[in-house]
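See the structures that follow.
There are two complexes below, and they share chain A, which is joined by chain B in the first and by chain C in the second.
Moving on to the complex of A and B:
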């Protein structure tokens, strides 16, 4: 288990379960500041055939964060052998549209709203 | 008067604004990194403020959804406008301002900052691109290019259009000390 947190957010990776959980409010300054989260995602995806990204407690994500998630989804799509599931929350308004946009990038992406 | 692009709305005159809030930030007072968190604090303040005007009614479950939708949209749009202002402002220039205007059927955001001639020219090119193509096409094209280049600039503005159905307009005016005062106006129907 790897986990870290910053002001208003927490990130956790259970490598064995190939599960990454992001929660809170993520408004980091540009893609560069998201590097630890990018590394967490890459770590969970490495050698995995299936992976889950739980965003159901991620209340806010700025456009740099949306860019980071989009890049990760495109890389998973291009890899071709990773079944990716994203768990969202129907109670968090930004997730409705943004997670649908991710599905357009990777048609096999499974998005579950809880 | 400068140049305007898009349907720039006047927020002046009787009845144009039911309520408005104006926040000003000096770009020279603190380095960007030390004030970055204030973008989120300001955005959250604006979004909390507007919830008063979209009260929850226990007899109407849709009212809670409406309040959280408006709150989320205001927080996202204000934060993106402020992040852009901090990124593209000239230091030692006029204050960065963001004004939120509450009208009967919409919320208008006006953010103004002074940008260098080069930044303003790049912004004008981006606006030209936005006006000539379908924003969703631009979004997916930019995201695919970003996955290779790492350049995510412009995504904040495009997501306001495609995820929040906001309409955008711009005004460019010569700034007294050089560069251009760039105003980005975002209208959100509510």
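Moving on to the complex of A and C:
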């Protein structure tokens, strides 16, 4: 179990359950500041055949964060053996468009809205 | 002396067991008592003096009365004597008045046997006897007077006439005539003597009268002897008889007068003497009694005054002594305590504060002072410890400061480096900001676009952001690009610059196949971003506007121009004149550029016809995702509301209103992202 938090956000990784949860408001400045989250995602995906990313409590993600997420999805698609599920929330504005973009990048991606 | 001091010390020690306030109370009580006693004594003395004055006055009054009585009796005696001497009956009335006066003055003394013995009664008896004797004398005088008056009138004239007639006989023999003249002369003398006797009631007058009468008789006898031969013998004998009668009368009167005189000289004077003696005695008694009473009164008063004065003086002395003792029992320990306090206040901490064994306030103060001293000593010890600690701390601090100085020096070096870095970053920021500004279309370029009114707004966040927009004339039409590079800073600026340059190149090359344009653009960006070594990407949409041309009859009537949209960005809002809003979602029209190398599969083109007056609104996520202090986003719905509210206005006014609403929404919250807004109206 890895867990860390910053101003207004929290990131949590349950390696056993292959579950990564991001919550709060992520407004980190540039890709560089997202490095811990990138590492968290990579760590969770390593040697896993299935993985769930829970964003249902992530109220806001800035464009750098969306780029990070897009990269991760593209890498997962390129790997080919990872069944990725993203849990989102229909009530959060940014998720509608961005999660749909991710599914376009990785057609096998399962997006569940709660 | 020493013993005295000890006894005083013992008394003081006893007094010190009583609290001072009670001691002062006792003193006050003592003084109050002394004052009360003085007042009572003064009152008593005044009462006594008043009684004394009254008694004394009463006594004096009695003496005065006795004196007046004595005086009246004396006057009465004088009046009586005067009357007896003169026989003037007019004096009797005066005598009676004075007798009444004596009676009146005597009256207060009558019956006062308890103080004056029997003297007043005795006096009264003498007085009454005197009055009776005086009455008798008066009565005798009256009857003698009457007798004499009758005798004179009857005999004297006769005798006178006979003698005169005899003496004036012309033919008398010598010798006879001389004897008769002698007899007549002697008779005149006798008469004078009788008158004198009548007036004086003196026996001498009567004796002289009888002697004179006897000489008259002798003269007559001689004349008779000589005249034996004359014829007058009968007359002589008649005269001798008358003379004898006269002599007898005179003797009788003399007897009466003598009896009267006897009475006067006997009883009257006896009573008078008794009366005077009694009165004198009474006066003496009264005055002696007054003197005695006055003396005893004076003595009583003096004794009372002396006792009272001595008592008051004693009480005052006792009060003074007690007051002095109490004052001393307060003053002495107070002075000791004061001296102690002064010493202690001058810092003489070594001074031993002896325990005061009294139980009063001063003893308590002394104990408190001892407590203060203990506390102060403790404090001083603590102070010393504190000083030692302070010195130690100071040393430690100096050491720490020394190491801090070293650290500071190192930090300074680091800081200098950081400053250099900051300068570098600042310069970078400045360059980026200028890049972003430089590449924006100028207002005159916007005005040149004939068929469209365009108002544009772009504001970077605190640092340079990645927003981008461009308006490029393309033949009759115009191409409008809008984009948003992820992140901030110089890299984002460079990516934006690259994007702008590539778009311009493609538009200038008249690439009208929009999916192909986007694909070429994506690949160019993808490769350049990889070369830059950063992981940026950008959302980007291109709007290709063509006004209605001459050969375009297939367009619906009234359409003034047509938009083709390619690339993924925020929604494109179209406000119709009818007041409706169409939201064109660009999600399916592309992907963020630079993310994947080929995006052909994700690209689509959307089209929209514009009628005159229609508004096209483009915005970056900095507008819709502007957050207030609570994190609440401005949102697309709110943007639409603001647009509808200001739709009839000029495009620049609409733009200003929307930006004002966004700023009001943000309030004091930080601005996180660049804001870009384009309002375009079909003429």
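As a working rule, the second predicted complex is superposed on the first by the 114 of 114 C-alpha atoms of A that agree within 3 Å, B and C clash if a C-alpha of one lies under 4 Å from a C-alpha of the other, contacts with A are read in each partner's own complex, and residues count from 1 in each chain.
To be clear about the criterion, a contact is a pair of C-beta atoms (placed from the backbone, for glycine too) under 8 Å apart; a residue touches a chain by one contact, two chains touch by 3 or more.
Given the structure is predicted, the values throughout are model-derived calculations rather than measurements.
In the superposed model, A:91 lies in contact with chain B only, and not with chain C. Of the two partner chains placed by the overlay, chain B and chain C both lie in contact with A:31. After overlaying the two complexes on the shared chain, residue contacts for A:7 are found with chain B alone; chain C is out of touch. In the superposed pair of complexes, A:75 makes contact with chain B only, with no contact to chain C.
Of the two partner chains placed by superposition, chain B and chain C are both touched by A:60.
With both structures placed on the common chain, the touch criterion links A:23 to neither chain B nor chain C. With both structures placed on the common chain, the touch criterion links A:43 to neither chain B nor chain C.
In the superposition on chain A, the residues of chain A contacting both chain B and chain C are 25, 27, 29-31, 60, 62-64, 66-67, 70-71, 74, 93-94, 97, 101, 104-105.
Chain B meets chain A in the complex at residues 32-33, 36-37, 39-40, 68-69, 71-73, 75-76, 79-80, 83, 139-140, 143-144, 146-147, 150, 152, 155-156, 159, 162-164.
Across the complex, chain C is touched by residues 25, 27, 29-31, 59-60, 62-64, 66-68, 70-71, 74, 93-94, 97, 100-101, 104-105 of chain A. The part of chain C that touches chain A in the complex is made up of residues 466, 484-489, 534-537, 539, 568, 585, 587, 591-592, 595-596, 602, 621, 624-625, 627, 631, 633, 635-636, 672-673.
If you check the complex, the residues on chain A that touch chain B are 7-8, 25, 27, 29-31, 60, 62-64, 66-67, 70-71, 74-75, 91-94, 97-98, 101, 104-105.
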